[in-house]
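Just below sit the structures, each encoded as structure tokens.
Both of the next two complexes hold chain A, though its partner changes from chain B to chain C.
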Partner chain A sequence: MTLFKKFRRWVDEPGNSLVLSGSIMFVTVVLMGILVPLFYRFGPYDFVGDPLQPPSLTYLFGTDQLGRDIFSRTFHAVYRDLGVAFIGVSIPFLMGTLIGIILGTSTNKWVTNLIGSLIDGINAFPLLIIAVASIAFLGPGLSSVIIILTLVNWARYAKIARTKAVVVSKANYIEAAYTLGYPKRRIFRKHIGPNVSSETIAFALGDFVLVVLLVAGLSFLGLASTPPTAEWGAMINEGRSYLISSKWVSTFPGVALCWSAISVSLVVDGLNRREGKIQ
Partner chain B sequence: MTGKELLVDIDSVQITVKLSRTRRLQIVDYASMQVHRGEMMGLIGESGSGKTMLCRGFTGTLGRRNAFISGGKIMFDGIDLVQAKADVWRSVRGKKIGYVPQSALAGSNPVLTIGAQLREALKNDKELDRDAMRKRAMELLEIVQIRRPDIVMKQYPYQLSGGMKQRVMIACAIALNPDLIVADEPTTGLDVTVQAEIMRLLKNIRSEFNTAIILVSHDLPLINDVCDRITVMHAGATVETLPSSEIEKSKHPYTIALYKSRIDLAPPRGDLITIKGQPPSVGGWQEGCRFNQRCDFVTDACLKGPHPLYLQLKPGHQTTCINHASIPHKVGSH
Partner chain C sequence: MTQLIRESGNAEQKVVDNRKVFAVEIGLRLIRAAAVAFWVTVIAFLMMRLAPGDPARNSLGIEATQQEVEILQKQLGLDRPLLEQFVNFFSGLLRGDFGTSLTYNREVSDIIFTALPTSLWLVLLNSIIVWVIVIPLALFVATSKSVIVAYVFRSSTAISIALPNFFVALLLILVFSIKYNWAPLLGYTPDFPGNLRYLWLPAVVMAISGSIAIMSRILASSISDTLREEYVETGIFRGISRPRFLFYYLLKPSLAPTVALAAYGLGTAIGTTAIIESIFAIPGIGTELLTAVFSRDYPTVQALAFIFGLMVVFISFVGDLLAYWLDRRVKL
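== the complex of A and B ==
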């Protein structure tokens, strides 16, 4: 009872209901992404019945133009879509935060200005345009997307981390840490690091939504994963020709995509509200 | 307190800031101060008088602000801090000199629990095991009079009040039993009752552990109440050092003016007493005594030459005023 009351009180705090519902939505998708490949009777590439059958008890989400089960394909795509987005966010996050902290605390004007201009230069290009252009010579594929995100997106994180690192390294508690004689490495690891990364983590969550959509968007254009891969963007693209007669082919992967993006957005909104940044 | 062993000896220290590759600005050009073991020294001055910079001088963080000591010497317990290399600093910072940062509200790391911050301070010295560290941390919190330390240990700084945060910072500063605590305006941003508590706490620590404390502030009456001696800084120079009990027998017009501008000395409903004029701009000091534009006792001799040096009046009382003999014997008593 007390636990339940505690829970109720927690949910009543501003933003927590959003965080809760967002997390539940996200966990549902991830769980399905784990359970369906393990236990579902149809594989993503099996031709299980007649093409373009509407959703029924046998084929929960119907079948596509080649007679593959859409339910199985939709949830087989989870680890691909969210996995690529996760890697595509975490590598730039780590790189960018590290570089940003080094730039923000370094006293070498020459190096900071050089890398600072590089960051501004990279940030000046829209991500989608760089992505499309780079895929022209990297070749389509999810690995290309990860490479591009790594090469480009770190600059956004670095810019945020640098700004924050400049502020943090001048803060009184860092001054105190120096004067109390803490070793330099520990100051970076335990004092500057967490204070800077709180800012970049916040950006990473928002960025995750964009990257999920970017991966699916590029796949829709045939630039990331290509048919017959079970991937939401590619599946939406495949169902495009049957949109009038058999809506379910595009709809279910589309819903899954929206569902994941919205779930993370809800968490971000909820956390912002908790911090009082928005009402 | 003059019979005691000398701990800090600051002699004619100059501090210069690098503004750019070629431009330099001298912000402290004559600072002298002696602190004895177990003594509580107040360092008083207006904003921009260089008191914080002087503090950074003996905590070795000037480099972080692009400043350096360009002259004079700072001796701490037989160690020359001006020449000190990184490894010497490592053995001094935290272990022999504790530091309480300026603002209580931004003084503690927002992402670490109080327990973690204390552990950080303790880890500095020797590898205590977790239990010993926890015990010592609790002990420290009890020394700084925090109630229910077991709960506070698990809390984050944002859950504490300003006064409690500052107590935690003091606990960090005394964690390794330093010989000297530098408290740079430890009560900024705290209300008056909390201020008094923090001051009492520092006093207790002084008497319990025989720690010397340098208390930086611009609040003369507050400092005068708690410190044994006071050093007054004005425009980058120390102008007077005197025992706090003899504040009314001050022999420098600036100290007198500061003391007279106490709010409780102003007549009820009357105007507050202020020091006329503006303090000289940092580094752009005029010839002679830097207080000569605002001084009531100014003579021709005050307008010429370099800034006057300390004159020893009696043990523990030094002034830079060349006309100290003509200053009336007792001031400030209404």
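== the complex of A and C ==
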């Protein structure tokens, strides 16, 4: 009972209800992404029945134009869509935070200004545009998307980390740590690092939403995953031709995509409100 | 008292060399924009090196003969040293020569000039829709004391940011083009009043899936910062009329911090035109980019990516200047 009361009190704090509902939505889709491939009777590439069957008890989300089960395909896509986005966010996050800290604490003005303008130059390209353009050279595929995100997206993190690192390194407690004679490594690891990365982690969560949408968007254009792969963007694109007669072909993967992106977006918003960044 | 006098003395001094300060500030911003534009050029140039193996071979495919590959290498300038290639690329861009398209056999600058106005129309229409909605919305949300308003605003913008624009586009096509026939499904006319018939739905899609949410959040939080300023309280005490209060006391000072971020938002909007244009089959620069990507038309891809980057550099430069003009306290 007391645990329940504690929980009630936690939920009543500002932002926590959003964090909770977003997390539940996210965990649901991840769980389905694990359970459906393990236990569901139809595989994502099996031809299970007549094409373009409406949703029914046999085919929960209906079948697509080739007679494949959309329910199975929608949830087989979870690990691909969210997994690629996860990798595509974590690598730039680590790289960018590290580079940003180095730039923010370095005293060499020339180098920091030069790399600073390079970062601005990379950030000048809208993410979708540079991804589309680079795929012309790299060839389509999810691995290309990860390569591009690694090459490009670190700059956004570096920009944030640098700004924060400049502020942090001038803070009183860093000076105090130096005065106390702490070694430089310890100051970077225990003081500057955590303070800067708290800022980039917050950005990474919001970025995750954008990258999920980017991966699906590129697949929708036929530039990341291509048919017959079970991937939300590619599936939505396949269903385009049947939009009028068989809406379910595009709608179910689309709803799964919206559901996942919205869940993370709600968590981000809740966390921001907890931190008191917004009223 | 003495402090007050000293402060007013400083203010006078500032007025004296204001023009000089202004020129220096503009100069600094110009130098920075030029440096960023230089990097944009370098990145657009290096893009072709991303290709594993030989770009000419990749472009032509496996069936091409060695001779054909060599001819294309020569055409793209790949047979010369890297630095010379870059100098040629750079000086070409300065002269407005973006190279020749491989598939159309026409100048890339020609493609840009025909396609760019269409995209700019789309972005302009989107911006108009966004700001017409955002200004009253942000004023309402920021001045409202209701918890429910704040809650609904925050959650709905969080949802709106997470909406995939291409999926929203398909749903709206289903409703407005197919069910009600309010918007044409395909086609385009480039002349002014006629093109709005084709552009309104794509612009609305872009507004719903992101732009309105981002902009209204920025403006609303800027307005609630302004609300805490003392002169706003003074305004309330003096009994200023409500419209005057909203526009002169709240909106105008809140715009300065928003402008730089609005420029960023505009840059993002330009990026999304690629996917939106391709869905609605609007012959803009985004559609041209995708066509070039699919046909492995490397010079066109490079030039169009460069144009996109340059547009964003230009927009953020203007945004910077505007922010400085609106509020001189804004630093680089």
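We take it that the second predicted complex is superposed on the first by the 279 of 279 C-alpha atoms of A that agree within 3 Å, B and C clash if a C-alpha of one lies under 4 Å from a C-alpha of the other, contacts with A are read in each partner's own complex, and residues count from 1 in each chain.
The rule is simple: a residue touches a chain if its C-beta (ideal position, glycine included) is under 8 Å from a C-beta of that chain, and two chains touch if they have at least 3 such contacts.
Since the model is a prediction, treat every value here as computed from it, not as a measurement.
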Clash-or-fit label for the pair chain B, chain C on chain A: fit
Touched partner set for A:G33, first chain B, second chain C, both or neither: neither
First (chain B), second (chain C), both or neither touched by A:K247: second
Partner chain in contact with A:H191 - chain B first, chain C second, else both or neither: first
First (chain B), second (chain C), both or neither touched by A:G62: neither
Which superposed partner A:G88 touches (first chain B, second chain C, both, neither): neither
Partner chain in contact with A:G104 - chain B first, chain C second, else both or neither: neither
Which of chain B and chain C A:G181 touches, first, second, both or neither: first
First, second, both or neither for A:N172, with chain B first and chain C second: first
Comparison of chain B and chain C by chain A residues contacted: C
Which superposed partner A:D120 touches (first chain B, second chain C, both, neither): second
Distance in angstrom between the closest Cα atoms of chain C and chain B, superposition on A: 10
Common interface positions of chain A, toward chain B and toward chain C: none
Complex contact set, residues of chain C against chain A: 32, 35-40, 42-43, 47-48, 50-52, 55, 58, 150, 154-155, 158-159, 161-167, 170-171, 173-174, 178, 221, 224, 267-268, 270-272, 274-275, 278, 289-290, 292-294, 296, 298, 301-302, 304-305, 308-310, 312-313, 316
Chain B partner contacts - residues on chain A that touch it in the complex: 171-173, 175-183, 186, 190-191, 194-195, 198
Of chain A, residues touching chain C in the complex: 18, 117-118, 120-122, 124-130, 132-139, 209, 213, 216-217, 220-223, 233, 236, 240, 243-244, 247, 250, 254, 257-258, 261-262, 264-266, 268-269, 273, 278-279
Touching residues (chain side chain B, partner chain A) in the complex: 59-61, 64, 89-90, 92-95, 97-103, 106-112, 120-121, 123-124, 169, 172-173, 175, 182
